[in-house]
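What follows is a short report on a single structure.
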């Protein structure tokens, strides 16, 4: 047995194992919990990268629990055993990379950031569980398992959001809101699972995809899944939970929540592309998604401009940025049935949308971390109370500038690379879309200049005289993200060609996905 | 961004330096012409044309005062950023029939973004100086930036869209491509009107981009004592001045490239180096004409608008003109 | 965007105020919420100095209350002294006074037009109108020997006659302004951007103008037909038909906004030209001054006793001088009130609710001259505080003074 | 664009500017050398705007006529005139003078007059150029 | 302090009124207008002392302006020059005996060139600028000569 | 509109306040070669009826208020309020100067800003310069003097509370004199 065949399970298992170990270790040495978590996640990260290399060179991987090879265990005919099965293609590993990086950085950042809190063992094990949940959602090839991992992630998130204190009103309220949202979505997902199982007796994505008839019931299932997953991804008009949740969670967790939302987004795309693909009315659904996107973009950014709380502001920007992903992918979907248009611009649009997912995770993560750094030193999230911090927090300032430039899509940062792909393609579909996207981008820029001004510029305030730069591990965490942002921004071609394009193709070419599992049927 | 040979890189670096130098020189020269023309229209003799150069050299020897409230590295960095970004745009612009030095993916979008950078540099610098005037100025600059972006983007996207309909296989957002295919030849009568509207839109955006009267609310000398730039002195002020000069060149050549990319050499039956020179000269003349209409004349023939009026002007009338232009161009294509 | 209001100090050294003057504005976004005025940066103590000088010297002091109304203050001051001392001004002197005063109005209104253009960011207006203004300055220089601060007023008359050969030159200038006037009117009243910036901006209602005792074009633009030249004609104005000008003459309506103030000033330009023409036609012959011998005049004033007021409609509104002579070398009381003193209070209703960008044009629309606003001097004997006079300054002053007296 | 101002400006573009280019049109290469040349008569300075008769310029004083009556001092509003007791003559500080010519009017001997000289700028305010005695 | 020959050709002027009667101030503005056009020499009025090379100061320096004059002078970046315009700026003029006035500008900040006149004609102000040029050119020559010694 | 003659106005005041009008005078001035005339009224009234008098004035027509002149005569302070009535028609305007005397030991004046808001600047000037308390005038910060100016020094006074002017020849003109450096020091 080749160990490398087991990488998929190891990626998930190691954090899971660590999640159980952390409380135990915590009894002996509080400090070790963080170290252990970081260690576990760094192993995960390395493994994910290894797996990514393999997938991108060899092709999609399927991993069936308890069997040596997926193809052996697959019975012919359409009956599938209910068993846990990972099915990882270029898209899945693309998301996996994001999760791995974000959770690793989050853990490193937490080392000092969370130091003064009690209950660190619980914190770390929840953080690990959240990671596990995300990996699971991205890797699983099975509807029911998806539901299970979604629940794991949700529960861990709720607990983490309210971690700052169940007795503090706001975190508890935010946690509660998230819980309600999660429960509703879980329920709906379960419904949809039921519909599929009832119709086809199977739960495997690939298998369902190969037989899907697009019946009335399928439409209902789609009707359940799209809004619910969009809600978890924080799209307007179901975004009301994001500002609360994002702003109340500790900064590293907020960063991971962004990744979790994107995992839901991934699931949405997966359902639409891999499950239904051209069987559905691509143009209509595409437009629905585009409209989600436009609304999110515009409302998100206008709401953001008026915010006072730095993290709420960033949360609204997260909503707005999600819109870009919807826009790119939506346009791709809308022309899915039209090969000429697809080739001309559909694929580019999707590349933009998908690439933006990763970029967004990086820069928004970085921004939330800088917000955390400000909070760490000043004890406030209110922009009106900050000021002049560039005098004392030079690194944080630089990281903030990088993050802000990236989110505003300024060259040469990664946000520009993905937004450019979107602009350059969607205008061919409809020129107005590009115009709106570009204007939103400028509004984003303006909003961040304002934040930069209120928080960092101006005279040194007397109450922040003692403030100094954040500790080194936090700087390191932010530096990692900054490097990624700049690297992606400088060499977008490299990333697009090797990572994004395969991911997009794996979404578009339904057969490739199903084929991995079904053996080229 | 793709790998190129070492020699190629070297050429590009040298080219970049040359272009930066030329851009600055031409920018200052045009600024001088602009001041001279404005003076003549106001019945004055006006400064000599090389005045901007002397201003620049003078500023370079002046003391550079960093206000107490400012964060020095941001305060000093802002003008550099403004200048570098404006120069970078130059590298993407074609001159006559000489293709741009850098080109590739979506230059024009890049240019739109880069155009915001000098403004951002000024805003950051204004905020960084910590004076109330600079603060109000910077806020106004931001409002302006948000306002003129919609019409600007509309004009550019509309042109690109039209081209993409005619030449689907080309990289439309490359300026070299746009430059080689004048819009006027591609459109029917409806589209022609549309294109004129788009030109008007761009012409209206230009003074805003360059913070010139009537859209100079951020620097409003009589209200804000120079607004954003109140606290700047010496070298930093000189750099902002250069950035402004270069930006003028950029906006002018952008207008020329988008709307008047015609060359003159084939009409004169020239070839080789002469054709090159003729075209470059012709290009400069076109730039001059555009500048005269869009900047020199407008800036002395109107009163300064208030910031809410500016914002309204861009969001409503100018944007509507732009969108109308877009609509006409789309209609033109669909009907034919 | 930002919910909190913040305050912006404007002045004392600010480009829109050619003179020092401090305003404090509380701003919300771009809107003005509160206005605080703090004059006093231009305190020279002119009245104080005047109470130590003989009336002839005071004429020049009064002239330098403000260099723009440099005919108005001497005019009113001389009238006050004449009234107090019972001196009659010869008719020819009265006519020459009016001609100079009206020429000053022409220069002042054109000057104002240019400054207003400049405040609007419309420098071409400044250049074009000031170019036209040079003509009247040349004329004034020709008549008086100085472009500004003419120094032609004397108690009992004027110092310089207008001779026959000078009249064609005056007429030439008047013709020139009749020509130019059309152009200036076009530029101001037909320009869309100027209209955009001035209509319904800085409104002063008739009610407020009355209650706050505004004067000059500021009050006339609000519809109050108040003009000393009409209401209580003095000097040669008593022979001339002068009518207060309100904006409805031109536009048919009265809004009391900046635009209306522009209209009033432009129309007054024409009015001034007509007044001068009438004066030239009806100019009586005779003496120009009551007492030619200055030494005699000084003695006469030294013996005089009484009080008198002098009023004159300056370009910006009424100037008011009160003089009390008490058989001394120097007057017992000299009180000078300049138009801006009264036009100060109306700024508050004009500015509230407007934007930062409106401040310069609204302030300029009353054509303020802070120079004459800041009346009084300060010295704190209890503690030599810094912004008054430090001990050192005081010391230095007394040393110089000593040096001057005994060189 | 079709504003009255617009037309006015465009028209003006083709007319001569109204500027009187005193003393030179532009800054010369070297002001010192230029002045030297002017001194030698090799170069000329553009004249200033013409001065009318009776212009109030720098004061001129006919010392021999003066009888030291101090009347001029009595009316001078600027304390520009200083009495020199030992000579029984006066001395005028032009930097204090406000060019009102009041002293000319009162002088019984007519020994004070206003000249046409008005370019009085100097780097030292008590230089001999600015003292008339 | 460094000087170069471009300094004189591009004098940016900040106009500071310290309590004058406006006479000089309007003549300064008149100096900018078409008849005299100071911009020919690269002179332009700026709104902030930070941008200025030359301070054109008018007026007899009232008590309240005293500190501000000094502050404006300090805020003006080197190299800089001060031109006092008008009789009251140079010496006090008519305002010679009030206790709230410093009387002349050179008691507060160093003055390089005095322009007497009340007010001086715009051409006299131009002449003042000319004196400043001469002074600057001489200064520059002496500075250039200095290293040789 | 009905214009009252100057005599009628004085009559009106005398009727209402009889003894309290201590002095009244009409001055007729002529101007120009046509010798057209206009009139001025000078009234001196007692302090106790001052406010009532202004009220009465306001019933005739809303008056234009020019300024308050001050005169410190040593024992008392003479304040002259300068008004004018009947604007809008030629020769109809009448200047009305109302003088009232305040004893030095009780410098209190009723405010007229409730009747004529425009008088505020002038009243505040008198408050700062003369040290006169205007009843019911809102206690606003100084307009003319610096905000932190001493509350016991009043520049227009000619007594010990006035300022110490520098005079060129040491003659007594109003206030106390500082003639030499020693005295300057003493004052400090």
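The chains carry the letters A, B, C, D, E and F, assigned in the order they are written, with residues numbered from 1 in each.
Here is the rule we use: a contact is a pair of C-beta atoms (placed from the backbone, for glycine too) under 8 Å apart; a residue touches a chain by one contact, two chains touch by 3 or more.
Since the structure is predicted, the reported quantities are computational estimates derived from the model, not experimental observations.
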* Structure fact -> Farthest CA centroid from chain E: chain A
* **Per Cα centroids, the chain farthest from chain D** => A
* **Top-ranked pair of chains - ranking by C-beta pairs in contact** => C-F
* When the C-alpha atoms of chain C and chain F are each averaged to a single point, how far apart are the two points in Å? -> 22
* Return the distance between the CA-based centres of chain A and chain B, expressed in whole Å. => 38
* Structure fact -> Separation of the C-alpha centres, chain D versus chain F, in whole Å, is 43
* Asked: Which residues belonging to chain E are in contact with no fewer than two other chains?
  -> 9, 33-35, 37, 40-42, 47, 64, 93-94, 96-99, 118, 121
* Please list all residues of chain B that touch 2 or more other chains. => 39, 41-48, 221-222, 224-225, 300-302
* Structure fact -> Residues of chain F that touch at least two other chains are 146, 163-168
* Structure fact -> Listed in rising order, the residues of chain B that touch chain C in the complex are 41-44, 132-133, 136, 139, 213-214, 216-217, 220-225, 300-309
* Asked: How about chain B: which of its residues touch chain D in the complex?
  -> 37, 39-48, 297-298, 300-302
* Mind listing the chain E positions that touch chain C in their complex? => 15-27, 29-30, 33-35, 45, 47, 49, 60, 62-68, 72, 88, 93-103, 107, 118-119, 121
* Asked: In their shared complex, at which residues does chain C touch chain B?
  -> 1, 6, 8-9, 14-16, 27, 30, 117-125, 127-128, 131, 191, 193-194, 196-197, 355-360
* Structure fact -> Within their complex, chain D touches chain B through residues 1, 3, 5-6, 9-10, 12-13, 15, 17-19, 21, 25-27
